[in-house]
Each structure stands twice: as C-alpha cells, then as structure tokens.
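What follows is a set of structures for review.
Each of the two complexes below includes chain A, the first together with chain B, the second together with chain C.
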Partner chain A sequence: MNWLIGAVLFLILAPITGGLIAGIDRKITARMQGRVGPPLLQPFYDVGKLFEKERAVVTTAQNFYVLAYLIFIALSGALFFAGGDLLLIVFAFTLAHVFLVLGAYAVHSPYSHVGAGRELIQLMAYEPMIILAAVGFYMVSGSFYVADIVTTTVPAILYLPGVFLGFAVILTIKLRKSPFDISTSHHAHQEIVKGITTEFSGSTLAQVEIAHWYENVFLLGFVFLFFAWNPVIGIVAVAITYLAEIFVDNVTARARWQAALKSGWLAAILGIVNLAILSYMMLGGA
Partner chain B sequence: MAFLKRSPWILHYDASSCNGCDIEVLACLTPLYDVERFGIINTGNPKHADILMITGGINELNRAVVKNLYEQMPEPKVVVAIGICAATGGIFRECYNIAGGVDKVIPVDVYVPGCAARPEMIIDGVVKALGILEEKRAKMTGSAQAKEETRHAAEAGEST
Partner chain C sequence: MQTLLFLILFPILVACLLLFVKRTALRYAVVALSALAIGGASIYLLMRYAFEGAVYFAAPSETVSLAMVAIEMGLALFIIYMGAKFRNYLAIVLAVIQAALVVYLETTFSGNLHAVNNLFIDQFSIIMALIIGLIGSLIAVYAVRYMETYHHHHPEVRDRQTFFFFVIFAFLAAMFGLVFSNNLMWVFFFWEVTTISSFLLIGYSETEEATKNAFRALVMNLLGGVAFVVALIFLAATEATSGGIDLARVLASSDAAVVLIPAVLIGFAGITKAALMPFSSWLLGAMVAPTPVSALLHSSTMVKAGVYILVRFSPVFAGTFAGFSIGLVGGVTFLVASAIAISQSDAKSVLAYSTIANLGLIAACAGVGTYMLVWAAILLIVFHAVAKSLLFLGTGAIEHRTGSRNIEDMEGLIVRMPKMAVMMFIGIAGMFLAPFGMLISKWAAIEAFVQVPFGLIFIAILAYGSAVTVFFWAKWMGKLVTVTRNTERVEKGFFEESWAPLYIITGLVIAAVLLFPVISSILIEPYVLAIYGVTAHLADANVAIMLLMIALLLILPVSFLLFKRTARHLPAYMGGRPATPDLHFAGSLGMTREAQTRNYYLTEYFGEAKLFRPGATVCIVLILVSWALAGVAL
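Up next is the complex of A and B:
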C-alpha cells in the first residue's frame, strides 16, 4: 500500500513543489544579479499563460512525443517515490528524454535540430554517471530498490563521496543550468533561438515545463538517497545542493558541448574510482 | 484566469533602428528597471512570444522578416512600436530604402514615442499593451466559444 501512496503523492505534489522550487530559483537568481526578480508564483503564471495561447502546431507528431515525454518523466518519478527498482527508473527516465529529442526532430527546423542534437550529447554525458550512482547504492545497501536504499542505516554519502560529487556535476546538466545548459536554457533566451524547445509553443511548451518540474523533484529525491539514513540532514543537504547549483549557474558561462561531454565523463570516472575503492575495501573486510 | 497579463514574453526585433532604441529596450532588463518583476521575459523565439517589440522603420529588406515574425507568433499577440522610427520612419523616413513605420506591414497596437524612447516609456507602453493583450484574449476565447456553439447548433439541426 505504501508504494501506491508514494506514487500518488508524487504525481499530485511534484508539480506544485517543482513549480515552487522553480519560483524560488528565479527569485534567488534575481537577487544574486542584484534584481528584484519575479513573484514566487511566476512559474505557475507562465504555465497558465501557455495554456491560454493559441495551439500553433507544426506537426501533430510533436505533441504526441512531448506528451510521451511528460508521461515517462512522471512515471519514472512515480516509480522512484513508490520505492521501485532504480535501474528501471533510470531507463524510464532516459526513454522520456529520447521522446523529447524525437519531438524536436519531428519538426523541420534547424534550430530545433541543433537543440535535439545537443540534448543527445547531454544524454551521453550524464547517462554513465546516473547508472554508476545506482550501482553505488546497490553496493552500499545490497539492493537496487529505492525502498530498501532509503531504509538502510548506513550513511551512503560516507561510502560514496566520489559518486555524490560526480552526481552533482551531472545534476547541473539535468537541471539545465550553466555551464552545461547547452540544449536549452532558462536564461540566455536568444542563443540558437531556444534550443530543443524552439518549435514547441502554447500548451506543448507548458507540458515540457511541467515535465521539467517533475524531473527536478525526482532528481532532488535522488540526491536525498545519499543522506537517507538521517532525513533531517538529508533535506538540509538537498537544499544546500540546490543552492550550490543556483550559485554555479550564476557564476559560470556556458561551456562548449565538448566540455559538457568531457565533464560528464570525468564525473563518471570519479564515480568509477570511488566504486573501485569501495569494492576493494569491502573485499578486504570480508 | 488572466495569466497572460502576468507572464508576457517579449520578442524584440531591430528593424532598421540606429540602435539607440535597442539599447533602451535592453536597459529595461537590467537590474535598474528589471522588467522580470512583472514576469516579462525577453525571448528570442516568435513562437514563445506574446508581445512583439519593434524598433526602427521598415525597409525593403526587412519587410518580409517582420511579417514572418508576426505571423509565427501564436494568438493572442500585440505589437509595440518603439521610437519615432518605428512609428513613422523618423529621421530616416526620407531615405530611399525606408518604407515608413512598422504599421506599413503589420498592425501596431501601441506606439511608444521618443528618440530614443526612454525605458520608463517603454515599460509604460508594455503595460498598456498588456491591457490590449487581455482584451484580445477575451475576444479570442469568446469567438472560440461562439464557434463551438454554432457548430453544436448545426449538429443538432442536422440530427433532427
């Protein structure tokens, strides 16, 4: 029963939390730049506005793909909060982004295609690290199930500091933050038009935005797993991680895609070294 | 249900301005004026935009571009012409290549005078545009409803 409650709560609450986080993010970003910034509820106004606009569609296929993106993101998040299998979650998560890329490729627009290509590069950059994080949790807790990982009394962060750092790097990619916001960005609204979301407008764009909220909550939940042995520390750590991401977003300029790819894989190497040392220690202990 | 007024996204296009008005438009985004307070975002994408801000007059080369940009924006949308050049052609109006103000090609809803238009004036113009935007939205949903009703009525007529 518990798993069902977790999944349903996620599906209902995640858009609200995600939107609020986005609002806080924009506010803090504005303050860091010496501006007043938009109201806290601005992300909700934006999405509400997008639903009010005319439905200008280039190909109907793109709406279908974006809907699939939203559904699979929500599904992977729901599986996560239901305590499901981490590997399955990671694969559902990846599949969701493949749909987004397909949606962008469905339109004959060079801007949209450049964005889609860059999204694929991002996918290549962060995928190894996400899987390594899942493996790391398995080595610490002996299970791929989120439900088991959360209930372990072992402080995962002490065993997986390298994996955590690596994950923090790819989190920057995933949250679409500088220096790795190469496929589309919250800022810099004039570069390669709007990247992967160039050809989405109105309610389709709103769905992309809602999916992003789901995704952010899911990713922060993933960060929480590293600190799950103590929920209070966990929540504080998640907040600090997110603040650090905002900070990094504001003090760095966008990198080239080659740098994004290299950083993603360097993060993965960090993770692998961490896991190698960990397995060596475990063998030594046994 | 008036989200539109709270989240107007802007597309800024430099027709053939001297760049003076453009500097002032960009000044609105700086910390001093910070139009993001009102949810205003400067997007570079006509498909995401609600307000088209044009500086400078129409010349023979950008005529098609302006028209294209306008047509790519989804309804409801408004056009704000910034500066005297965008209103009438301004000091360039006698030039051999200038056709005149922006309203030679697309319908303009708000004219912001000045050479260059001051940021305060530009923000004022945008606020004015928001009212028009809201009117257009109401009309749009109204006409969509009316269309739906006539369709239903027609269907009901057919079935009997």
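Up next is the complex of A and C:
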C-alpha cells in the first residue's frame, strides 16, 4: 500500500510545498534584486484571490484544456511518488503539457498563439533530455520504476554527472526561469504580455498556477533521484540545485527560442556522451 | 484453407466484375457488399486460426506457379511497353534484368523451387489480414464517393473509374496473397503485383507530374524487386542448408550465415517498398494520386508489405551486425523524416513524412530484432494502420469541403466541421499521445533498446525523434481546436455515405486503443513466443494506469457542462486596442485591421532542403554496410 500513500500524500501536500517553494523563491529573488519581497505566503494569497475573480473567457473550451492540464500534471506527479514507471510518467507529463498548449491554441488570440508555439518549442527542447535521464536511471539501477530507483544503494550522481548537468539545463526551462522562460515568465520585466497564459484569468489561471506547483515538486523529486542513496545529501542537493536555478534566473535575461532549443538539445548530447561512457564501462566491466 | 483462398481470389473476382460497373450507385453497392464479405472473412480468419499457432497448407503448386511466372512475364512486357511509351528507359532496363533473372532462376534451379507448403497462416498473418481486410476494404468503400466528387472537381482528368477500382481490388488480393504465402516465389509474385498496382494508381490522373512520380515509384520498387530475385536465386542455389524458397524452412535454418545474405537482400526490397530513406521520395511523390490511394498505400497495403517482410525476417537479423545496420537505416529515417515533418504545412505531406518516420521505426525494431522489439514493431504496424488511414481519409474529406489541405487553413475546423475535427483529433492523438497506441510501442521500444548492446544509439534517436514528433503533431492539433468566431459550419452536403467508413475507422482507432492488451495477448505475444521462446508484454500495473488515463480522458469532456453557465465572453487581448472576437482590431487612422495567427515551421533548421540529402547519404552508406557485413559473415 506504500504506493497509494505516496500518491495521496503527493496530491495533498504538493500544492502546499509547491506554494511554499514559490514563496521562498520570490523572497530570495527579491533579496537578490535588493528588494524586501512579499510575505512567504503571498503565492497562496494570489491564488486565493484568483478564485474570487469574475469568470471571463474568450471561449469556454479553454477551461476544459486547462483542467485537463492540471489533472494530468497531478496524475504524473502522483505516479512518480507512487513509484511508477518513469517512462510512463514522462509520457503522461508530455500529455499534460499538450493540453496546456491546446488551451492556448483554442482561444484564438495572437499572444497566446505565439506563447503556445513557444511552449511547444520548449517541449521539444527538453523532451530528449528527460527520456535520456530516465534511461540513465535504468542503466544504474536496472529498473524504470521510481520505487526501485529510489531504493538503490548506488550513488546515481557519480555515474550520471553529465546526465545531471543536462537535466539541470532543462530544469531551467521546466521551472520557467530565465534565460529559457520563452513561453511565459514569472518576471514582469521580461514580458510584454503573459505569453501562453495571456487569455487565462480567474480560477482558470489559478489552476495553471497550482499545476505549476505540482510540477515543480515533481521535478525536484526527479532531481532527488540522482542523490537518492543518501536522503540527507539528497535534500541538500535539491535545495542547492533550486538555489542555483534562482541565481541563474536573476543574472540572465530571456534568450531567443533558438538558444533554448539548442541548449536543450546540446544538454541531451551531454547526457548521451555520459550514457555512452557508462555503457562502455558496463560492457568492459561485466 | 478455404478462407485463405477466398481472401485471395474473391477480391480478384470483384475486381473483374467492377471493370463492367459504370454507374456509381451500383458500384457503391458492389464495393460495399464485397467490403463486407472481405471484412467478415478476415474476422472469421481471426476466430478460426487465432488460437492455433502457425498452420500450413499444401496448396496446388505446379500449375499455379507456372501461371504466376507467365503473369510476371506479362507484367514485365507491360512495364517495357509503358517505359517505351513514356521514354523511361531505366524502368525498361530494370524490368528486363528482373525478367531475365526470373527466367534464369526457373531454368537453372527448377529442381530446387519446391515448397512443401505454399500457404500458411499464423498470428502475424492474421493481424496483417485484418488490417488489409478491414481498413483496406473500408478505404475502397470511401473511394467510391470520393472518386465521384474527384471527377466533379477535376473535369480535365479522364474518367477511368472502372479501371481504378479494378486495380484497388487486385491490390488487396495481392496483399492477402503476400501475407499468406509460405513459398517465397509466391511472395515475390504478389510483391511485384503490388508494385505494378501502385504504379497504376499513382499515375491515375495521367498528368505529367503523376506519370513522373508513378515511374519513380516503379523504378525504386523494381530495384527492390531485383534484389528480391537475387535473394531467391541465392536461396535456390543453397537449398540444402538455407531451406530454399520455403519461408518457414529459411527462418528455421540453422546455417545463420547463409540465410543472412538473402535476408539482407529481401530486407533491401523491404526498405524500398517501405519507402525508407533514400527511397522515401516515391511515397512523397505518390501524393499526386487521389487521396484514397494515399490512404491505401500508407496504411494497409504497399508500405506495410515492406515492413511485413522485414519483421518476418527479423529473427534472422537478430544479433547480427548486418541486421543492426538495417535497423539503423530505419532509425535514421525515423529521425530525419520526423524532423522534416516540422517544416511541412501541407497536411498530406506531413502525413507522408510521418508514415516514413514510423516505417523507419518499425524497420529499426525489426532490424535489431529482439523479441521485445518484434512485439513493439507489430504493435506499431497495427496502430499506425488504423490511425493513419483515418487521417488520410479525413484530410481528403476536408479538402473536398474547404478546398484546401493546408494545415493553416484547417484553423477553426472544430467550429466549421466539428465531427471531422473530432475524428482528426482522435487520429492525431493516436499517433503520438499517451495513453494511445503509437506511444505504447515507442515506450516498449525504448525499454527494449536499453537491453541491446549499442542500443544507446537507438535510444538517442528515439529521444530526439519523439520530441520532434510531439512538436509537429501538437501544432496541427492546435490549429484544429482553435475556436474561431463568425465562421460558417460547412460540414453538411458531403455525401452521407462517405461518413460511414470514417466513423467505422474512428471506432477502430478507439477499439485498438482500448483493446490493445487483448490484441497483444491473443495475437502478438503467441507469435513472439512461438519464434523466440520468450515474449514481451506490458506490466499489469502499467496497463491499469493507462486504462485509468483513458477513462480520465473519456470523462473529462463532461466538465464542459460545468463551464457552460456563467462565464462572460470577451474578445482576445489585442495589445489593448478595441477588438472583436474574430480577431479584428481598431488600427490607427480609424482603420479596422485583422490579426492572423501562423504556426512555426522552423524551415531554417528542419527544412527538406537541409535534411534530406544528409539523411539519404547516411542511409545509403548503412545499406551498403549491411551488405558488406552480411558478406563478411559468410
């Protein structure tokens, strides 16, 4: 029944954790910019307020796609914390993002259309690296199941340093951090209009935000797998990785989509080189 | 055996009958009834033989084989005549070479050209028969009304519909023959008939372009045909160890090195027929044909014959470097064709590149040939056939209604042709999204390649390939679901009957998705088990999760009811200018301007001009390497 507990805990706790992480993120970001920053719980206040806004849509269909996005993000995260098959999780995750993109296409608006196109470019940029990371874990632990990967006693990071670095690059894309926040950004100074979320408002926008919290917790869980042989080191490493992402976010400006695509694909090549060396070692060793 | 013979002979009978049917209504009745009979017979075949494993039949050999050779010579003469008429001398040369080789084979090795059993059926053949019998005949039904409209829209094209339907049904008969034959001479005969059929269908409109592309298809497939005959000669010459022209004996042969050479040659024939790079151009050129022809070539016939033979021979390829090399031809094709699909805005062109990509993936699985990969390959064949036929027929219907098959013009299809848009949506989802068909196979392929030595190169190909696949399908899907305002609904008026095949195939796509565990356990797993002694299947937990996802997707549309109530509708944000819902905004000087939205095509990175040549070069090298490696192994 462990898997069920994992999934349920994720579904309940992830929005809380994700919201807190977002609060901490905003606080640290503010300090880096020499501001005081909002209260820690500000993300919750924001989302709460969004739910009280008037319902306004361009087309009702947009609500459907965003709801599907939220549900499938939560589902893929729940599968992850239930210890499921990493490849299936990655594919469910892709499905979720396709729903978000379709929501942006459905509204027939110039800004969200461009945002949707850019979101797809992002998807194309990070997808190879995520699949390769899953394969990397398989090569180290002999299983695609998160439950097996997390209990392995082998320090995955020592075998997969290139995969980890590659993953860190696409994590920037996934967390919607500069320089790769090309479809929509957390920072007002980057955007003229809100990209893919331009036409979403009120409770629909709140759902996008909550999905993003779910997603971030899931991604940090993914980072944890690299260090899973020692939970303490793991949590510290996850924290450091996230801090590094905040730092990068604050010292870079948004790059063009070409740069995002190339970076994501070059990161994947780094991952492939790592895996090639690893399989060569395994062939030679075994 | 009667069912097998029925499936081969009945379509020929219908084909001949259709030569004399001139009226559309009558033709529709004949085609629909025959489709029913053929579909019914294929389903009967499933129920009769699904649980029996491989069953062999000693069909009459002497006279039939003689007749086949006579027809082959007749076809060669026909090619020579056509080649002379249109001054395509390469086709003549290849036809002459092929005919000469067949004569040489028949005269020199006549003693070695016996198969104990000429016909057979096993689970893989049943799957192929179902694809041909259900999808192929549904496409034929769709074609009747389509061709009527086609001639209405193209008065300049000579009306040769009786001939058209003759070829279609002959094509289906040849496909059935191909998948039921255990005698490789027979396989070759049917192989050649499919080549000629597609030549005739592609050239149907008799325009200069159509004729040119038809000859391109012919020449490339004849090249494969020549390789096929050479393989037959080799097999006949080494009959004692290789098993001669008896497919079952060849596959069971203990002399792996001897069998590998003909396998690689027949694999080459498969590569040409499956339009892998560098031969992909014939399938792209085939787009000039009426849409049902494309649907037929892409989903249930022709290219499927190519991958069928590759998958049949994959036990021979397994574990050899030559096979690995053929697998790489498929892998490179998959990657390059998927990437080029991004730069295409013509719907048929995107579909064609996606077909080439998926055939590449199937060939990659077949070439490497471990049991898990064969399982994945067969699953790919099934899902690709249903989803791709739906997409082609849908594109044809859209083109007839809206006058365009450009993806940009499909914007707002959900408003203009809602039923059609939903069907296209299902078809596209079937091509790339979890938990639908194709994705399951890709997933299985990744898991399988991890366990193969040097499989990492395929993993890398799959990782990048699936990323670009998501991109080009999702942006098309986005165009379909865009809710445009003030546009007219144009769905009505399309011939009612034409919808029936579309509905049925949509049903088949959904059925394949829901029933894939059953398809796998009844047909694919026993086949893989019989050949490899082990079989692959998805873990029960994962099947459960996927069914859960499907259930979620089915329930989610109910949520539309929740949103209907109170929301206020506003026009899209247009930079703060006063705007209307149909994307008009108040420009400067009191002008009203219209905003338009266009997708990314990234031609600079993924253009045909940029990628085709390097991809084709790599594939040519890999094909030559596979020959060299097979030679070295001997």
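The rule is short, and it goes like this: the second predicted complex is superposed on the first by the 283 of 286 C-alpha atoms of A that agree within 3 Å, B and C clash if a C-alpha of one lies under 4 Å from a C-alpha of the other, contacts with A are read in each partner's own complex, and residues count from 1 in each chain.
Going forward, a residue touches a chain if its C-beta (ideal position, glycine included) is under 8 Å from a C-beta of that chain, and two chains touch if they have at least 3 such contacts.
If you're wondering where the values come from, they're calculated on a predicted model, not measured in any experiment.
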{"item": "Which superposed partner A:52 touches (first chain B, second chain C, both, neither)", "value": "first"}
{"item": "Chain B versus chain C as contact partner of A:112, first or second or both or neither", "value": "second"}
{"item": "First, second, both or neither for A:256, with chain B first and chain C second", "value": "neither"}
{"item": "Of chain C and chain B, partner touching more chain A residues", "value": "C"}
{"item": "Chain B versus chain C as contact partner of A:138, first or second or both or neither", "value": "second"}
{"item": "Chain B versus chain C as contact partner of A:31, first or second or both or neither", "value": "neither"}
{"item": "Which of chain B and chain C A:42 touches, first, second, both or neither", "value": "first"}
{"item": "Partner chain(s) touched by A:205 [first = chain B, second = chain C, both, neither]", "value": "first"}
{"item": "Shared chain A contacts, counted only where both chain B and chain C touch the same residue", "value": "54-56, 193, 198-199"}
{"item": "In the complex with chain A, residue positions of chain C that touch it", "value": "411-412, 414, 433-435, 439, 443, 446-447, 450, 453, 456, 459-460, 462-464, 466-468, 470-471, 474-475, 477-479, 481-485, 539, 541-542, 545-546, 549, 552-553, 556-557, 559-560, 562-564, 566-575, 581, 583, 595, 597, 599-600, 605"}
{"item": "For the chain B and chain A complex, residues of the former touching the latter", "value": "1, 3-4, 6-7, 31, 34, 36-39, 41-45, 47-48, 50, 72, 74-76, 137, 140-141"}
{"item": "Sites on chain A touched by chain C in the complex", "value": "54-61, 63-65, 67-68, 71-72, 75, 79, 84-85, 87-88, 91-92, 94-95, 98, 101-102, 104-114, 116-117, 120-121, 123-125, 127-129, 131-132, 135, 138-139, 144, 193, 198-199, 261, 265, 268, 272, 275-276, 279, 283"}
{"item": "Chain A to chain B touching residues, read off their complex", "value": "26, 30, 33-39, 42, 45-46, 48-49, 51-56, 189-191, 193-194, 197-202, 205"}
